[in-house]
Amino acid sequence: MTNQIELSGVNKHYGAFHALKNINLEIAKGSFVALVGPSGCGKSTLLRSLAGLESISEGDLKIAGELMNNVPPRKRDVAMVFQSYALYPHMTVEENLTYSLRIRGVAKAEAKKAAADVAATTGLSNLLKRYPRELSGGQRQRVAMSRAIIRHPKAFLFDEPLSNLDAALRVHMRKEIRALHDRLGATSVYVTHDQIEAMTMADHVVVMREGVIEQQGKPLELYDTPANKFVAGFIGSPAMNFIPGIVQADGSGLAIDLGTVKHTLPSNRQLQPGRKVTVGIRPEHIGITATGQGTFDIPVDVVESTGSATFITAATTPELTIVETGRSTACGGETIGVTINPVQLHLFDDATGVRI
Amino acid sequence: MKRLFSSITDGRGFDITLVTLPLIFLFVLSGLPLVYNIVMSFQEVDMFSLGTFVRPFVGFKNYVDLFKQPETLPIIYNTVLFVVGSIAGQFLIGFGLALFFWVNFPGASWLRGLFLVSWVMPGLVVGAIWNWVLSGDFGVLNFILRESGLISTNIFWRSDPNFSLWAVVIANIWLGTSFNMILLSVGLSSIPGDLYEAAELDGANAWQRFWTITLPMMRSTIGAIVSLGLIFTLQQFDLFAAITDGGPNNSSNVTQYWAWDLSFRQYDFGKGATISVIMIVFVMFASIVYVRSTKHEVRG
Amino acid sequence: MNDTNRNRLMLFIAIVLAAIYLFPLYWMYITALKSGSEMFANPPSFWPSSPQWGTYAYVWESRNMGRYLWNSVVIAFGSVALITVLGVGCAYVLARYRNMWVDIGLFLILMLQVLPASLMITPIFVGFSQFGLLDYPRFAVILAIAAKSMPFFVVLVRATFMAVPMELEEAALVDGNSRFGAFFNIVLPLARNGILVSAILIFMQAFGEFVYSKSMIQEAELQPASVGLNSFMGPNTSEWNNIMAYATMYVTPVLAIFVLLQRRIVSGLTSGALK
């Protein structure tokens, strides 16, 4: 499969601030890539650099095999869906859609037909004569996407397009966007701070922090084998539990310290005795049982139920979070037993955070 | 009585008092004179009947006489030229400056504000300065024009009937450009930046972006500014007093200056009132356009 | 070209543009310093060869500028005082509500600010003389200026009040203030800056007012500096250095205030004039 977009050794400086640090990324044609990370990690900067709205200080950026470093945005043939949609308020929906065609001198009749076709696929056919201020949030979203689609660009760039929508609409639009991508056979780069969006929509997820790519790969790869503590804590909701531990003298036991509870977990890894590690275990991988019947016992602090799942917070230091599907018998103030499967433990070096 | 007092400090009475006092003041000092103007235009007013309200009613005689006078139409024509020339100059130069400063660089907003000195200075002083700058033999403008080869002999801005009106137009453009620039700058910055980014990605170059995004979105701002410009230009008096005094031979006379001249130098208050009424109709029209362009906001 | 260089270039061009635009001001200042003969030099000199500082004292004395400027100050302060007292409350109410009455009020006020002084002077003069107000010429001018400039003031100050959140006033009422108390203790102090800026703008306008002053004040004793300047400049005027010295002394206080408060004034204007 050919690469539609290639970034090699890309760096960006804003004066003294190093916004993007040595980014290497290959995006195959037809794939859906999500850029995730906390605020300020550089994901939007990276996206805007792809569009040409920002220039890169070092490195190479290629789109469809051509070097694009110094090419202005209007010649790159990429389309962007903005967080605020950026619909032209003084033009009707139809005029918004045909804008890019009219700019290039396409005949009016042809442009109108193209707009009608796109509107049919995105369900906007009877809104063509309306103005953006007359549309709902979801409708505006679809206009923004249609405007991108009509150009048949080399790549679609999404800049947190769903953050202005309410939760229910977001879930619905996630599916629509991905379905659209598949239908068009497009190449999409999608920026979001919501890891659930990234996990559910993308073929390839890129986790960024402070200008660096912490890890990239298939969504489930990042879930199953996070490369470091940051990725482990970022992917998955609720977040992974991190417990400080020390390797025992026999090289395979892990002495974990939960404040009032201390225990030695068996591990199937051979490690240097005395080494300090951070043990990671996902809330959904901890099982509940009666006291004395599990791996060890913990006191329960708070139990919250949403009806379909139960969130149990343990009164330990650090706090353990446990998620049970359905109802649970646990109650606040009680002690319960927990079961942990050593296979599901993640080990990270205490100092560097890197996966062991 | 107590209820009335408490209403004034604490209820509807409070609002009503705060508004009605100024409105009464304005009514008496602006509204009544307006009406009085209309009344006087239908009367025969002279020095001796200044003291009384009841004066001979002469119907439309003042109006008819006015249009019979030979200088009336040329003066009206001058007024149109003055307004169009001033607004065009102020708007175009102001827009150019606004676009320049809109690019934004450190120091831009401070420098931009400096231009406003032309607007806050007393009009008479501006007129005096330009009078000297436009002087035929010794004025610095002629010097600069000659040195740059644009003209070969001095233009007698103030005394040449062909140029006297334009002398005032030039001074008026200088006076009003900065105000236009500031308001246009505000209009420009109200356009969201990501519209330009979207347009750029859609393939538009700088000129296309200006034409298809900037100008259409500035339409109501431009409407407000042009109508404000019309209002202020029709109010301009001091420059005429300072530079040409309407001459030579009415070549730079405009209706608002003429109205004053008729009343206070020719003592024909009837005619002065007549012109005032005619002009006020035009001015009202401009203000309706202005009000309609600025119709929208809620309390913060 | 990278960003810093571009910024420097733009700044340079901006300074050049400002210098060109402000050239007439510069010309005023140096003409005041030129000697009688240097004024008429051909080509004109762009820097006075021997600055005549004595011109200022001469003009001040011979034209009795002290008296003229005093009258200008009296008229300007009087107008600002009257406008502020009447206009602040009006602007407050017009900002607080939005209904048909307010719309009508706003519309009328907007219409009134449109009327040129040179047209209104005729009925005002006739009316004032009938009521004997012309016996107090400066007061008559103050009334006329107040009527002319109040709409502008109300529009600007209304914008200031609109920026004061309604919640603050409501909180004050809940805390036990009367409407008057809430206005005076809470809203007014918050709007103080905007009111000050608008008052300064009005002051500068009134300081330079010409039409009303010239038409209604006959005694030279009571005329403001604008009329003084006008009488200085006859049709065959040639003592430009004196005239420019007069203009300089007249205008510099206003310019100084403006340059100091320029930022505030611009933001006050921009929030008010377009609304």
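The first chain written gets the first letter, and so on, giving A, B and C; residue counts start at 1 in each chain.
The working rule: a residue touches a chain if its C-beta (ideal position, glycine included) is under 8 Å from a C-beta of that chain, and two chains touch if they have at least 3 such contacts.
All values reported here derive from a predicted model rather than from experimental measurement.
J.: What's the chain with its C-alpha centre farthest out from subunit C?
T.: A
J.: Of all chain pairs, which one counts the most C-beta contacts?
T.: B-C
J.: When the centre of a chain is set as the mean of its C-alpha atoms, what distance in Å lies between subunit A and subunit C?
T.: Centre-to-centre distance between subunit A and subunit C: 58 Å.
J.: Taking each chain's centre as the mean position of its Cα atoms, how many Å separate subunit B from subunit C?
T.: About 15 Å, centre to centre.
J.: Please tell me the distance, in whole Å, between the geometric centres of subunit A and subunit B computed from their C-alpha atoms.
T.: Between these chains, centre-to-centre, one finds 58 Å.
J.: Enumerate the contact residues on subunit B facing subunit C in the complex.
T.: 9-11, 14-15, 17-19, 21-23, 25-26, 29-34, 36-37, 40, 45, 50-53, 97, 100-101, 103, 105-118, 120-126, 128-133, 135, 137-138, 140, 143, 147, 174, 177-178, 182-183, 185-187, 221, 224, 228, 231, 234-235, 237-238, 241-242, 245, 256-257, 259-260, 263-264, 269, 272-273, 275-276, 279-280, 283-284, 286-287, 290-291, 294, 297-300
J.: Contact residues on subunit B for subunit A in the complex?
T.: 192, 194-195, 197-205, 208, 212-213, 216-217, 219
J.: Okay, in this complex, where on subunit A does subunit B touch?
T.: Interface residues on subunit A, with respect to subunit B: 51-53, 72-74, 76, 78-80, 82, 84, 86, 88-90, 99-100, 103-104, 147, 151.
J.: Report the residues of subunit C in contact with subunit B in the complex, numbered from low to high.
T.: Against subunit B, subunit C makes touches at 6-7, 10-11, 13-15, 17-18, 21-22, 24-25, 27-28, 31, 39-40, 42-44, 86-87, 89-90, 92-98, 105, 107-127, 129-130, 143-144, 146-148, 150-151, 154, 162-166, 178-180, 183, 201, 204-205, 207-211, 214-215, 226, 229-230, 233, 235, 240, 243-244, 247, 250-251, 254-255, 258-259, 262-263, 265-266, 269-270, 273-275.
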